[in-house]
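Each in structure tokens, the structures are laid out below.
Both of the next two complexes hold chain A, though its partner changes from chain B to chain C.
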Partner chain A sequence: MSLKSHLGPAAIVVMLLGLSLVLAAPQAAVLMGNADAATGSAMHRLVFLNSTLPRMATALLAGASLALSGALFQQVLRNPLASPTTLGISAGANLALVAVTLFVPGLLGFGRDLVALCGSAAAAGLVFLMGARQKFSPISLVMSGLVVSLWCGALSAVLMLLNERYLVSLFIWGAGSLSQQSWAIPLSLAPKLALVCLVVAAILRPLLLNELGDAGARALGVHMVRLRVVAVMAAVALAAFVTSAVGVIGFIGLVSPTIARLAGAPRAGQQLVWSTLIGAALLFLTDTALLATAGAFADFLPTGAVTAIFGSPLLLILLPRLKIRHRLMEAEAPVSLNPATARLAKRLMLPAAVLVLAVALVFGRSPDLGFTLMPPDLSGDLLALRLPRIAAAFFSGAMLAVAGTILQRLTGNEMASPEVLGISAGATLGVAVAVFLVAAPGLGAQLGFSALGAFAVLSVIFLLAARSGLQPERVLLAGIALSAMVDAVIGVIGATGDPRAVFLLRWMSGSTYSVSAFGALMAAVLAVLLISGSAFMRRWLELLPLGSSAASALGVPVGRARFLLLTLAGLLSAAATMSVGPLSFVGLMAPHLSRQLGFVRATPQLFGGALIGGMLMVAADWLGRSLAYPYEIPAGLVSALIGAPFLILLMRRARA
Partner chain B sequence: MSLALTRRGFIAAGAACVLRPDLALSAGPQRIVSLDYGLASTLLSLGIVPKAVASRADWDVWVIEPDLPAEVVDLGSSWEINFEVLTSLRPDLILTTPFNAALTPRLEAVAPTLSLGVFTADGGDVLPKAFAATRALAARVERKDEGDAFIARTEAFFDECRARIARIGAPPLALLSFLDARHARIYTAPGLYHNVMQRIGLANAWTAPGNFWGFETIGIERLAEMKDPATRLIIFEPVPADVMPKLEESPLWQALPFARPGQLAVLPGALMFGMLNDAMRFARLITDHLEQAA
Partner chain C sequence: MDARSPDLSPGSRPAAAFRTEALGFAVEGRSLLADISISFAPGTICGLVGHNGSGKSTLLKLLARQQAPTAGRLFFGEKPLEAMGAQAFARQVAYLPQDVTAANTMTVRELVACGRYPWHGALGRFSDLDAHKVEEALALTHMEQLSDRLVDTLSGGERQRAWLAMLMAQDTGCLLLDEPTSALDIAHQMEVLALVRRLSHEKGLGVVIVLHDINMAARFCDRLYALKAGRLIAQGEPQALMTADTLHDIYGIEMNVTRHPALDIPLAYVC
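Now for the complex of A and B:
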């Protein structure tokens, strides 16, 4: 408790700062020292004073605030997976910036910061609005934040894809560059952050009580709702200020509190303070290292993307040491539609599926831009083009839905989905490697590399998690780390302006565009095999959500069951990703929808979810082919765009 | 401006009349579609109007000239052309680049496909590759004479620009596009702009080579690496609205010798991933500007 518990985190901060000073020293010496040098030295000095120094200050400030924000989120939401991005702050800011850049570029004259701040505030407001209905319960906030975040992300991706011209500046902003030309940013950032820190200091004591769980804290007389609102608002403000000033530097907010916890700062107050210091030191070190090695790379590297590339392996290494304490989490009442509506919806599901498939197959657009039935003279050609896409969309949607159901039941975490597991991220990384190794990879090379990537991630997760008995939180954290790393790699590629980034962005957004007849057939076979395989494990899926001790008391071999279910979820995600890209939103949404329609037990939820997932993807694919014709919007993005508001609507209806 | 457009439109219409595919005696391909702006633009200069061009909707933003006749169909994004449109057009030749190699097998299933690379990962100067691709295209569409004439026209125009620039003498130029107030794309070897500058006798102030498209993304502070105080800065449109006001506030920008009126100019854009037409447009824009500034 006393001095001893501060030693670990303090040592880490000192180590990080010391390392950065070693890296920064030669630079400072060269620039500040030899004033007697030739003509260039005045300019060097100017660069050092107006670019290098403010950049260092910005790194320290941004790192500190993001870490504090992350620590606050993790305390308040009582979720070790929470980070500034969880509430949709950066996604909201990003969407605002993308939209303004494309539609009212004049507004940027008033300040890019202001636009981004409005976007984050709007996103946070929406999340609050949804959270308020459930008294800001940790799960509902995370869930709402995730939905808003995915929705904003999908919409900005659509806007970016349809306007490739502006892609690079958006990528740079999205990847978080700390490069500075004056003191303007750090000087405007500092007072705002100081103000928020004062607020945080004021709520520090009640936050300690928060550790006891809702019931305990309420008994001690703390108004939990008000406390959570203030704490979350402070965290949102911190993240929003940084994001609007320098862009998305997300990983610091996730990794710093984790390091603080691992280094032995067990209490809420200590965690907040040490997370902040560790965050500042971590971002400072990353940026100094980047500056020191800048000459070695021909390309431009945004710091935010680099923190994620280096931060995620760090988290992977630390993972086995992470103590995941049993958290007091009140069970949520099962949510579903009123019985009459649910019965009607269930009865309409099959006819609706048939209708969706038929429309997607024969109805389309023609070069004169009208909607038409398939013209007979072209029907052979068009069917050959449409059938594989529709089949791949259906079976991939179904597989992702089943993977999502398994993961959510296995982990008891509503955030669980194939993308969170990192499988689709691995597949994307494989394709990224292919694009850069093979210069112009064919379809076969793309598929091969994506499969390799998916299975590499799967084995890494198993290696890391096997040591800890495959605890669900650990697996999820490993997946998130890997996903963030892939995002960062794509961010770096995009920010250098490499046109191949557009290709990767398209691949990531999940298009059925490049599915061949063989690919569709393969998806169908795999879907049938794997989904029926998961039905055999229904007993485990039924019992595991009760907790590992209860499940093993009922005769479930917990370790083996988890291993097999994870393998199955991994295979399902990899198979779906290989044919249509990482369409994570369906894997997240379909299990929820299935449960809300009243499919509460494992087997009905699996099959109901599979049908919903398949239908959703086919509808999304058709919309994506028709809306911007002859241009295409990837099905994965469309499904996120129509799916998220739908999910919000269902959540609200269930409450009323 | 409107006069120029009318004149160009008139010439294009005239060319279309003379070279109506159904009247042409040549046995070359008649229904050609292009996935690439540079190849489509070159095709127009060979006297052939393509049936369809990918990303046709953005032609007027990126390529600007030559004008694309209204009847040319949009193929959809060049990354993911719409196969339903492509199939219904029943083309007899598809022009593409190695950049779209992943699509090539599917394109070949629809019609004979010609892939010509100008910007390729093996690097090397872009302009000679653009000349070679023009010759190859002219041969494939059986317009060899038109191709030779087009190349001669281009070389003559470069010679003219070179002579005009030699008369006035020009400082080293740095070419950039602003991405936001802190970042820019600077154009360098082995890119199209850089090669044209070499060809017409201009020095590029940014000497480090870039990627194989011929640019590098930099933070603005790195502009200080250019030491020659005579350096002139050419900024290509569009410039985001907040860039100039923000730069005015930066002491670093203020201290750059070329960041002041008279040594800095904003010019309309030209397609940097293009071929000969785009190279000529760039040469014309730059030479006209230097003459005005002299």
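Now for the complex of A and C:
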């Protein structure tokens, strides 16, 4: 290896470390210089030695681990977007830790790292299972990772919501706080990191051959499957150790290998080494900068959230440079096109929807905890309570389903959904702003702000992807980056411990119980308007999956069609988010179910999906108010938590 | 533009064809195509041949308006290409991309019906005429038996025929085909090219086709255009173009030409 190719990355490491030292120097100098002069500084010195120094060490170690993990993922999967954050690995570890902390704290004594490992391994397994369906195409894999990540986040959120006592501290830790009280964490992290480094060193040689491609490497005698398994396990372990020690720290694992590559470390081995060093320096710099600027507040401002806030725009900047080599191909599940089933489904769809609505309306739980029909003498009161929420749930579900159908047909990617596009995250951000600007935002204010947020995100996505003619892959990637950033901002808000964060969390979990008659009416009107609008574009939805050249050869104005369809999907998801929250996954599930039932063409899939989405949401709402009666579980969360695993099962079965 | 009259079938339409004037295309300063001036004759099969990267697919993409030229002008009939609306253009010119998105849960009939889009547009009714044209296209390509099969489940040759049927339903006077036989074995190559030739003759269609195999091109095309490094270096009827010298110019290796033992067509081979 020539010395020259090391110059770039080395310069970057030196620059990052130099900057951090400049930032950290005044603090250290004041403390150390005064140490023997004044007795009062003994305390400062103690703090410096036992809190500040360990914090620095933790930052270096965690940064190095995450960067190495990301670099490994990127090499093995040959995917420039892979990282512990984008593949949902960190979120999986986080969820496992939260669940165990709340329910079986005894297990933590058994091994905190083990719990994290199980969580992240499960997340990795899930993501790879879904990725295998689309032949590990980079974008599909990242999309699956994001969905898993969002799902784990949703589940962690509801667990915390149900256990508010622990809420604040879990929030801070979960968002990746580096603050330390002793040397315990860095000292335990170091040997684990060293161990994994040894493993990586052992597989370095064969890993270099990975770039030759499967057949080429195999011809040279490399056992590809074993190599991949070992490398992925090492990467998962690194991410799990860090998450277990300091929580989720976003984007270091994505950004560092990218910087190493751009700085001119072309070969696999160099990239691994330099990404690790750059990662360490990068997190160190972020943390010292945070300490220097935030002062006393720094202990409560999680560094992990800050890296995500700064990391995701970087991802956005890098997007146009990224060559998307793999074409997106919809590896569709072989749909059982039994015409009889399809006909039956078509005939039963409407009656089924009516039945679900009726059951949800009249069936409920009585004060003595049994299930009863609605007593006639209470019908007026109960209807007034139930009708708005059921209507809101139904129409929101339908809108999400239509948005999901549009996005999936537009992108040819079966993991596309409003959640993934970042529109929902934008709406959440809008409400977050509303919560902090207006003392007690009413429905109107919430509505306005969330629509504003959704549109802000949508316009940023349009601006970023416009140069590529709104190429669906770019739009999705921009959406992913933006939702990660919004998530991080919300994480920071949550970590402040402000009571308003609880309100926000509740809104995010998608509760229908506060929906007023006006809100329901609004949802109904918007749903009817927007869904009939999408029916006007059915021909485009039919033709765009043929590929952009075939579609434009048929006279479809591809750019304009994409713009209109994306706008429509944005409007639909923003409108639905108002009443069922940003995370329900109905937009992901309903189009799939619709297709599985035999509604393969655009128009039937749209309307079948809309009915299914509505039914799903109504069912989730009913379950939410019946399951834990007299308490309520928010409808959005119910559908996310029950629906997403169900969907994965369904997809697995369809493949078999 | 939306006036629809059933008698606008290609037979009664004055045949129009492409004409290029000093056409050029460059990406980031690198010229892929330069100074191409061709008048394609209407109602004939014109083959574009050349080595890999010679610009033949690029030329076809410019004709199909998939890309805009960076130099020169393009006409269809008397009209400059840029003056035609997307739908109006698609009513006159059909284009088959090189890699068609194969994975599709459409049936053959549904795929073929997609070809009617330029006629009914985003909102128009799918009329009896549209349905009639779809049936006609299925019959022309002998796809009736397969019309309810999923495109996914077809063999490579059948899939190309299904796409050609879609182009037929589009009911244009001109076809642009980008290596329609690239992934097919020799039997299916013959099948697809014979179909193209028959369709061209039965409906009087003009065809511009990119072909890899010079012998296939000589056998099925009325006229050949040879490109090398982005420039047009030879053109003419296959009989005239297939000489040892010209082939050497095109491919840069020693080649020679013999006669087909049974048919009156030239066969090129590498020395």
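Please note the rule applied: the second predicted complex is superposed on the first by the 451 of 656 C-alpha atoms of A that agree within 3 Å, B and C clash if a C-alpha of one lies under 4 Å from a C-alpha of the other, contacts with A are read in each partner's own complex, and residues count from 1 in each chain.
By our rule, a contact is a pair of C-beta atoms (placed from the backbone, for glycine too) under 8 Å apart; a residue touches a chain by one contact, two chains touch by 3 or more.
Predicted model only: the values in this text are computed from it and were never measured.
Touch criterion met: A:L546 reaches chain C, while chain B stays clear of it.
Of the two partner chains placed around the shared chain by superposition, chain B is the only one that A:Q446 touches, whereas chain C remains out of contact.
In the superposition on chain A, A:T603 contacts neither chain B nor chain C.
When the two structures are aligned on the shared chain, A:R595 is found in touch with chain C, with no touch to chain B.
Between chain B and chain C, more residues of chain A are touched by B. Of the two partner chains placed by superposition, A:T341 touches none, neither chain B nor chain C.
Legend: residue contacts after superposition of the two complexes on their common chain; A:A184 is shown touching chain B, with no touch to chain C. When the two complexes are overlaid on their common chain A, residue A:S366 makes contact with chain B while staying clear of chain C.
Chain contact summary for the complex, chain C toward chain A: residues 64-66, 85-91, 93-97, 99-106, 110, 114-115, 117-118, 120-123, 150, 152, 170. Those residues of chain A that touch chain C in the complex are listed here as 329-332, 334-335, 337, 412, 536-537, 539-540, 542-543, 545-547, 549-550, 552-557, 595, 600-601.
Residues of chain A that touch chain B in their complex: 39-40, 43-44, 46-47, 50-51, 101, 105-112, 161, 164-165, 168-169, 172-173, 177, 179-182, 184, 298-300, 364, 366-367, 378, 381-382, 385, 439-443, 446, 495-499, 502-503, 506, 511, 513-514, 629-632. Residues 57-58, 61-62, 73-77, 79-80, 82-85, 87-89, 98-102, 104-105, 120-121, 179-183, 185, 208-211, 213, 215-221, 224, 227, 238, 240-242, 245-247, 249-253, 255, 273 of chain B are the ones touching chain A in the complex.
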